[in-house]
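In the two complexes that follow, chain A is the common piece, with chain B as its partner first and chain C second.
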Partner chain A sequence: MKRWDLIVIGTGLAGLTAARTAVEMGAKVLVIGRGMGSLALFGNSIDVLGAIPPGADMETGVADWIAAHPDHPYARMGWPGISEALGAFRELFSPPYTFAPAGKGNSLIPTGAGTMRPTYLLPVTMTAGAGASAADTLIIGLRGFKDFQGDTVSLHLQCRGVNLSLPRYGLEGLSALALARLMDEAPFREGLGEAIRSQMAGERRIGLPAVLGLKAPADVLGTLETITRAKVFEIPMLPPSIPGTRVFHRFREFLIEKGATFLLGNPAISADLKGGLCEGITLQNPPLLTPYRAERYILATGRFLGGGLQADTEKISEPLFRLPVSQPESRGQWFRERFFQPEAHPVHRAGIVTDQELRPIDTRGRIILKNVRVAGSILAHHSMIEEHSHEGIAIATGYLAARRALAS
Partner chain B sequence: MTQLEQITIPSRHVPDLCVRCATCMAVCPVSRVTPLFPGPKQAGPGAQRFRLASQDSVDDWIELCTACRLCDTACPAGVPISELNLMAKAKYLGERGQRVRDWLLVRSDRFGELFSRFSVIVNPLMKWRAVRWLLDKLLGIDRRRDLPAFESPTFRQWFRNRPVATDISGRRKIAYFYGCFTNTNEVDVGKAAVACLEAYGFSVTLPPQRCCGLPRLGLGDLRGAREMGRRNLSLLLPTVREGTDIVFSSTSCGLMFRHEYGPLLDLSGAEELATHLFDICGFLLRLHEEETTAVRFKGLVAKAAYFTPCHLRSLNSGLPALELLRLVPGLDIRTIEAECCGLGGLYGFKTEKYAIAEEIGKDLAQEVSRIKPEVILTDCEGCRMQIRQLTGIKVLHPLQLLRDVLPSA
Partner chain C sequence: MDLQTEVLIIGGGATGAGISRDLALRGIPSLLVEKGDFTSGASGRNQGLLHSGARYAVNDPEAARECISENRILRRIAPHCIEDTGGLFVSLPEDGHEYRADFIRACAAAGIDTTPLSPGEALAMEPKLNPLVIGAVGVPDGAIDPFTLVVENVRDAEARGARFLLHTEVTDLICKDQRISGARVRDRVTGEEFAITASRIINATGAWANEILGLAGLSMGIALSKGSMLITNTRLSERVINRCRPPASGDIIVPNDTVSILGTTSLRAEDLESHEVTPEEVSFLVDELSRMIPAIKGERFTRAYAGIRPLVQSEQTHDDRDISRGFTLIDHQSRDGLEGLITITGGKLITYRLMAEKTVDFICERMGLDVPCLTHLQPLPGAGRGHTFQDRLLRLRHQTPAFRRELLCDCELVPRETVDAILREGKVRELQDILHRTRLAKGTCQGGFCVYRLLGVLNERRKEEGLGSSNRILTGFLEERWKGIRPVLWGTSLKEEELIESIYKGLFNLAPEATAPNEGGIP
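What follows is the complex of A and B.
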């Protein structure tokens, strides 16, 4: 039976980053995903630490954060490691569709809910959102497109909003993917650009739902900006996320081109564990159970939605390697009194505890599985929702897990 | 609904596995091109909550699902979306009764052998505009669709009459499921498969076989699909039980055998067959990985592009054909970054669906025109038909290219 150098379980940003890092180090990599992963859900821009104020220097902010949160996943690599991993991520995207910070720290961009969200790396299609103001911005909604309500955004931003219909194309009921595909066609985006221009009243920024093309987003942006003579930006909205799907496609294209094997759609249901090592995992594609073996494994299966963690009425567990999950003592302590409040619900801090090299450890600090590393949101001691750190944790730990795994 | 009674209907709780995350909406090729189909989230688990066996179907658009199964591969929650769609489609079509066209199309295996025998007459006839007009108007087989030509002799006849190699005694046996299309329309795929298997040191047998039943399943004819499955199992299991593995060269037949006979159609013996059934390229690739073959391909300087069929994604064992092609020295092999060719088997032959199939395929055609390959390679006959029509470029099964670079060739 074939033995891989590394098996990565999970196709979210953490798993894909780990796989890509390993492939670049020359490893034979197998990537296993139960589904398409979280990128198609809410992958938009790259959050690193939105909890620090907009504009504050990210390097200092992260260093201070680590000092105050010594258990946090970021403490495993510090800012130099995070920065290196983010740099590698950015290199995957060649111009014109690239990711960059707007300034030295976080910037605020509008969301489809009308809120302003702090984030760090922006794709070029979102950069102009980072300066949107009531005075100079026009929000464009598309009539019949249910996943984005332009009025909600313009109401919150207190700027002007317009809902456009393009009758020739019958927008009614189109999915985000269908719209993105239409945008990839020059005549459609030119028509849209003209329609926007006819509605403008001196605005210098135009916000649109994040559907500006799947294949050629920078071209779509270019066309719209040329026609409107304004800065155009995408606004993240309800899933599926088109910007996240672009990122997923880029990783998949890269990994397959470099010879990684990509298995999508079936779960890894069991692991063969002997003497502190994982000797293989089994993939379930009914009626078949197929074993796969590697020297090393990276667990990047995410939290509850992707099945990385499971909760029953009593406890939270990790179903594949049966790793201990750091969690509140009883279910009664999972949630705070109110659903919306600034601090994280304790259940969101649950997860897998690791050593400095991301190997899973027990409560006494002993390594449980020597050839398994853990990456991404399944790790304990972060609260990615409140911290706005989802992508940063995924990229930094995915990168480190692969580097450390292959060094061993 | 007698035919539904024989099948395990997914539990009423299955739709509740769906968390409405909409990941499937990022991959569905049909809702990518038309708002007429609401997409897998609504068509599958969404509508399932409102479907009652005792009530008539209300979802006319269910017929627009091509059964590519990409939604299943994207779902993070393990919802059997395409299966929900299939059961709903079966109920819908059951209520309306089968169209003459559909009755004919799913029996293309039967007519195939007949047409092959009379291919000298049939092939030119199929090109007549009057005939195509009649097929379009009377049966609803779109006249814009290139119909595949029939070949004579069939693959099976060719195999039976070919001179038998002299040095096969003591060789390991392998059985080959070639599928209807290879038998009557793409005989060279079968010849290439035999040439490759023999070059790797096997002695090839052709067990008796019938249509896998996927066309019937795609039209919601579960009873017919089950019947084909039962027949194939009784024809193929003796081969497996004497210790011979079976390889297939059509990904869709393979998917039907491996993952529909058991889990969906609940046929006994399906699991036994599934464990001894292999995609032919995966089977050959494993010999390289285990270093149990001495086959080294000859060089071939050419620019080629590989396309991944949807059903190969569902088989979920990687891209073995692509990996084999990468072993050919000098071959510049690219991948076509597009999801679904759009044909959907018989789907793209139907007048009411032709435009959708063509629109889905445009994305693929655009990628091809960007790559500009000399030859396109893909494992599925449906994809090959569609890509030929969309691009006009030579499209082959990967084995047809590999056959030409075998050391003995």
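What follows is the complex of A and C.
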């Protein structure tokens, strides 16, 4: 049985960030996960903290937020730590497909519902969306592709919108993935570019569903911009997410290249815990149960959707290490009466409580497992959905967890 | 635009629709007004059970006889609204054999066929039953689709000249010299107010009966009883499963297409809109019904909902189950001296046709007409057309490939063409009207994906008509959806909810205050 320096459990953005950080520090890393995680669902741009107004200084904004929310995961590292982790993330994406803020601090980008969402780092394929305006933007829908409704977007932005019919390709019923693969083919994107150009009436920006290729999105962008002579941008839409899948692929490519071992599809089902340490975990690989051992472990299994947290009719639990979960007293208090309200539903603030170094602690503040760190959305005391902080928390805590784990 | 008719029916539930059809078949002109969509009240918020009457055989033999007689009639006139599942009454060790013996005798007396079954036979028929079952009795229960039933009555009545106004509420009754001469109404979508002149008004508003009577300064004794139900993600049984014990809460499981509906509770409700299902009710239903089918404990629930039963009070009683489930026809001329007003309320979905027959018989008598009722003989228009899941798949297969490929809802196989056809007809006013008329938002994700797509279809039409965008439709839908899903959020449904919240609140950053007011709803 091989012994690893670090086992990362979870292949969402937090787990991938932790694994990559550890690999760069020279560690021998095993990454295990059920699948592509939430990146393939919602990964688009990198949200850090939506509450900070567009254009405002991030450092001050985050400091103010931490002062008002001392339990928040960001209080573990502050803006300097967040910014260092984001810098490392950006280094992974070299030109031409890069991530950067659209201006100073947050910017607003259009979404598939026609609303604007505050976000921080944008892939190059979304940057032009930050400047979209009613006067100069054309929204392109693809007839028969149902997960992006172009008319909803153009009506809401009060700009012009066109639904293109591409009968030659039989787009009806196509998935986002199939469309993205078509985009990777030069003849298809050139044909699409020509079709868009024939519909233009002087617009200088063109918004499309976020399906501009999996392999070479910058090339797709380049082709479309050359043909239309306009700025082209992707608009986040219903899952699955193509931009998130690109991020997943890039991390996996990097990790495998650097010698990390990547096991997908076999969930960790139990942990061997002795004397305040984790001695090993067991993976289900039917019909086998395979044990894996490491010096250190990072738990980045996400929330309910990822399987990091489980809820029965009574309470919320963490199934792998059986860590205590900070949660409302009873199920009746998990959710508020209305779906939309200013405060997040209390259940979203539930999660694992840790010390400054992201080690899980009990209610008296004692460390439960000395060689386990916790990263990502499974942490308590945030509400990533309303805060628009999902990716920021994943990157900052994944980075910190790996740094601290390997320093010990 | 003032309107004129002979009989004005208030209420678009099963009773109102049934009366409309009965009047039409007897050649009497009518107009029906409904403040929401068809089946917005108890007709659309029940367990979808085609009672055999067995449930009432011991306690209320008269109700049992009505049920079995109507059960047989509905199988004849509305076979396309019914799935003939059959039903079982199962006895558990704690129920004993005594009630079962009474039950079989009472069913025989009411004319309900029963088939006594051994535990082994029952388990072979329904493998998910509790293996501790000590016996079962087969009865002719079934499943019924209330919305199709009502729409079919409406379709037939409309073809015979009856008229219908949806989203139209009665704001006042017009009386002259102790005689009804019509009503004032308001269109709830446009706000337009107008009068309808009528010689007679039938108050078929169910639990809302006193709201209408109050407009004439009248009232009657109605107890409001809230019944809550849960929808599972899979179908648990082939047949309706009843507990063989005196009627109580949490004792019926009705299969419905690909799912099952668990019910019910019976709680006194204070107001007509109290549709909230509490965590306690949910836990009670899960615990109680898992005695009959243990797999319910681990089942995923897609939604909870509640309906308000109007129980007509004859005297003080503590348990609402003791109040008769029978119906009441009140002639306000003899009762209150107000000529031309009739109230029909109480009863059950399965007796809607009988309630309509008695009401129209009474009206004919008052009008001095001698025209026989035909509703028990004349099948509904679509009676030859199947409506099961299998029929839907077959129809989908016959549609052209392009339509087949553009499914708005992948869970329930709803092609875009279905929605386009409904919009072309031009009768729907609100998003919920479209959802009522299709299987959109009825699957596992409860509309989490398909309503976004539906909004796109609507926005395409809004754009053609020069209207602005309307995300209010989407946020309103999500808020309405929340009422049903919130009580069942644990396990897998909680995972799904994280997905839906991440899409709409996270990715789309939707908030109700950020959206423009709805400019008239459906284009």
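Observations, loosely collected:
By our rule, the second predicted complex is superposed on the first by the 408 of 408 C-alpha atoms of A that agree within 3 Å, B and C clash if a C-alpha of one lies under 4 Å from a C-alpha of the other, contacts with A are read in each partner's own complex, and residues count from 1 in each chain.
In this text, contacts are C-beta pairs under 8 Å (C-beta built on N, C-alpha and C of every residue); 3 or more make two chains touch, one makes a residue touch a chain.
Just so we're clear, the structure is a prediction, and the values are computed from it rather than from any experiment.
Placing chain B and chain C on a common chain A by superposition gives a fit, with no clash between them.
Touch criterion met: A:Pro287 reaches chain B, while chain C stays clear of it. Of the two partner chains placed around the shared chain by superposition, chain B and chain C are both touched by A:Gly173.
Of the two partner chains placed around the shared chain by superposition, chain C is the only one that A:Pro236 touches, whereas chain B remains out of contact. Once chain A of one complex is fitted onto chain A of the other, the partner contacts of A:Leu305 extend to both chain B and chain C. Contact with chain B, but none with chain C, is seen for A:His249 once the two complexes are overlaid on the shared chain. Of the two partner chains placed by superposition, chain B and chain C are both touched by A:Leu41. Panel annotation: after superposition on the shared chain A, the angle at the CA centre of chain A between chain B and chain C (CA centres) reads 90 degrees, nearest 10. In the overlay built on the shared chain, the residue A:Ala375 is in contact with neither chain B nor chain C.
By the touch criterion defined above, A:Leu264 reaches chain B but does not reach chain C.
After overlaying the two complexes on the shared chain, residue contacts for A:Ala27 are found with neither chain B nor chain C. After the two structures are overlaid on chain A, the closest C-alpha atoms of chain B and chain C sit 5 Å apart. Looking at chain A, you'll find residues 38, 41, 172-173, 238-239, 305 touch chain B in one structure and chain C in the other. Against chain A, the residues of chain B that register as touching in their complex are 19, 21-23, 25-28, 31-35, 38-39, 72-78, 258-259, 262-263, 270-271, 274-275, 286, 289-290, 313-319, 322-323, 326, 335, 337, 363.
Interface residues of chain A facing chain B in the complex, by the touch rule stated above, are 1-2, 34-38, 40-41, 170, 172-178, 181, 238-242, 245, 249, 253, 256-257, 259, 261-267, 283, 285-288, 290, 305-307. Those residues of chain C whose C-beta lies close enough to touch chain A in the complex are 278-279, 283, 286, 402, 405-408, 416, 449, 452-453, 455-457, 459-460, 462-463, 467-469, 471, 474-475, 478-479, 481-482, 486, 489-491, 494-495, 497-499, 501-512, 514. Of all the residues in chain A, the ones that touch chain C in their complex are 38, 41-42, 44, 50, 111-118, 141, 144, 146-147, 149-152, 154-156, 158, 161, 163, 172-173, 236, 238-239, 303-305, 310-313, 330-332, 334-335, 337-340, 345, 347-348, 384-386, 388, 390.
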